[in-house]
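After this come two complexes, each holding chain A, first together with chain B and then together with chain C.
Moving on, here comes the complex of A and B:
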């Protein structure tokens, strides 16, 4: 088991190292691409360090942009899953809720979250609320769908067990429905997180004065490819980190394997 | 030994002319047709029937999980309309909660019934011991073998102190070796902690090994074909000539229902 893990880590490290080497070779060594539009990994690393303290040309350090992005993302995400998961659960368990909510949901769902941006700018301006709303829309849909499906897939024998032990409907939902849907719910939370992070960057490129998306956009205007890459890499790393946190939480909360 | 059709109106469980049809669109499938049987208190009755004849449907009706289309079931004179903790069920498909440990699964019933934690712990421990799973209290079902899971299922049903236990082919998908072992276990548990048991199977040997009385069902639409009283001493020896003779005789009756 341990050996397998070590092997896995080694392969991961090797693959990243190979990627960086190729990048280095095509830029600093063979100069295949012009360094102003395709900077080498060394240049990007330097830009990264510089961006920790320097505010130009986009009005903020990396940390302030990151903080702005995280704040908006978390607001929108938490609101999205906070409404989406319970709503999905209720829709999956109570037929009446399903009948009322499903038609609206099915109509709204096909609209891509980014499609909400123009309307949100009109309604809420280009501040925090507009962006958070767009992220909310991205996060809420997968949360609903996964919680709904997870509850619907509850093993009917499990429900029988609870009923023969005298559990009422709400009790059965809490003691049986939700625990058995938990793996699905977590899958939804992860999809929601990815969707939120993507929508965030899109929203910041279109309607913002701060954040990682804004930073990328501003640096495009002044042609600073190294800063753009710094922004992209930060977005990637932070996204991966958030997913990792969620997975840790899942391993803590989802007990006894993921089989039905 | 064979005595068919007589039912006692004062028996603990009375299944009175029960029938069940499933309606799917405009097709109606008649599964149970006029099932009448009675079970005495602390009696071990085995319902023996071919595959797909409606055994699970009958168990669900007895449990109160499903409504009969005709007839009624009474337990202690009270009509069965809903599931109740006094009738414990061991399901055909091992239906342990995968997110709970052995302890959590076994203690689920008492928890639902609001039994205080201390008493619940003691009871849980007792029944885990009874089914021989001490040491596995903290294991999740995914780590257990099929036989162990069924033991947990039995302990879970017992732990709620039901007066009636309904067991729906609990050993149906165990290998032969484990199956023998589990039959001995069920016999032992039942002898130590008497309950009224209705045990469903399609295995003749299992039926003869366990039953005070065997109720033989027909093919679909299902009725009661025959009843056999098994007066062998317990625990039974499934190699004894008496056992083999009974097994063969019932086997002949089963052949006739095919």
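Moving on, here comes the complex of A and C:
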């Protein structure tokens, strides 16, 4: 068993190495793509180190942009899941709530969070509040959908058993519905996180004076592809870190139902 | 005696609640605009509907509203289709084969956390400001959830089922087609739903940043001229088209995996 695991780890390492070396080969070695638009991994790494201290051309170091983005994103995200998950659970469990909320939700949901940006900028300016609201909208949708689907997919036999043993609807929801929906809910939280992070980038690209999205947008205007990639990688890394924290939490909270 | 409305079937009930809740929403909106000072920043719903109606004959910018929507839809379909034909097989391979997972997952995990919209600056540098950069952005945005859900669907197959099939002498290919694929279809569809709304969002974002037509363009120009009516009209039509797309997909889901539609 241990040997097998080692084999798959080796394959993974080889896969990443192949990816990086192909990237390196097509850029720095064979010059298939010009380095001004497609810099090599080495150039990106250099730009990354430079960006830690240098403020040009977008008026901030990597750390200041990152801090600005994180603050807005977490604010909107926590608000979004705090409202979205309970609402989704209620919609999945109580038919009346479903019937009343679903039409409105279905109408508002298809409006992409990004589509709210112009309205929010007009209403709230280009500051923190507009961005946080856009992120809230983007975080709330997946958490509602997944909590809803998770509850809907509750095994009816489990519900019947609970009912047979005299559990009230609310008790069944708390003891059967929610635990069995938890994996789905956590999947939703992860999608929400991705969506908020994405909405943040969009909001910052359109209207902002700081943040990672602003940084990559400014660097496009001056044509510095290496800095764009630094920004994208940072966005990716931080997003992955947040997801990792969420996964740790999931492993703590979700019992059973997982085959690993 | 207490009167109680009895519904013949659940469809009628759904329709009644649908109308009631939408009317309620409109009423609140209308009253709020009419009687509070919200009307400084928000037009009444009827103004917006009138604008949407008139835009079917009157140009916004260079063309009428349906053509703006069609321009956006065309971009979505190309990008989304690409994402589906790449994403679903990749996800299933990752879910079924450990070797496939070992090869694909690390690279996927490297690229996945980068949001689709963060590719916009790079896509513009690479493909210019034309259509192909938009296809690329839409594909990248949609593909993540498609891969992720196909993967989790294929890997969360009940081991008892595969075990039973193995014990009864099924070959791997049979297990794949009779167990893995059918039992991951609901998850795949969840991914397709999220993917479709991501690609609809991506097209809006891409058009907001660089375009001369399309639904995203309508709302950005509305913002630039401070025209809330146009923004809201744009948002409503974006929402309606999104709703239409989601319902189409749900209809398909109903056809393809009827066993998952219990009590929906």
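Worth a mention:
Here is the rule we go by: the second predicted complex is superposed on the first by the 249 of 260 C-alpha atoms of A that agree within 3 Å, B and C clash if a C-alpha of one lies under 4 Å from a C-alpha of the other, contacts with A are read in each partner's own complex, and residues count from 1 in each chain.
The rule we apply is simple: a contact is a pair of C-beta atoms (placed from the backbone, for glycine too) under 8 Å apart; a residue touches a chain by one contact, two chains touch by 3 or more.
Owing to the predicted nature of the structure, the values given are computational and were not obtained by experimental measurement.
Taking chain A as the reference, the larger set of touched residues comes from C, when chain B and chain C are compared.
Contact with chain C, but none with chain B, is seen for A:112 once the two complexes are overlaid on the shared chain. Judged by the touch definition given at the top, the superposed model places A:219 against chain C, while chain B stays out of reach. When both complexes are overlaid on chain A, the residue A:123 reaches chain C alone and has no touch with chain B. In the superposition on chain A, contact of A:179 is made with chain B only, not with chain C.
In the superposed model, A:245 makes contact with neither chain B nor chain C. In the superposition on chain A, A:49 makes contact with neither chain B nor chain C.
Put simply, chain A uses residues 259 to touch chain B in one complex and chain C in the other. The touching residues of chain A, counted against chain C in their complex, run 8-9, 11-13, 15-16, 19, 37-38, 99-104, 106-119, 121-123, 141-142, 145, 149, 152-153, 156, 187, 191, 194-195, 197-198, 201-202, 205-206, 213, 216-217, 219-220, 223, 225, 228-229, 231-233, 235-240, 243, 259. Those residues of chain A lying in contact with chain B across their complex are 155, 157-158, 160-167, 171, 175-176, 179-180, 182, 254-257, 259-260.
Across the complex, chain B meets chain A through its residues 60, 63-65, 82-85, 87-89, 91, 93, 95, 97-101, 108-109, 112-113, 140-142, 156, 160.
In the complex of the two chains, the chain C residues touching chain A come out as 13-14, 17-18, 20-22, 25, 41, 98-99, 101-107, 109-122, 124-126, 141, 144-145, 152, 155-156, 159, 186, 190, 193-194, 197-198, 200-201, 204-205, 208-209, 216, 219-220, 222-223, 226, 228, 231-232, 234-236, 238-243, 245-246, 260, 262-264.
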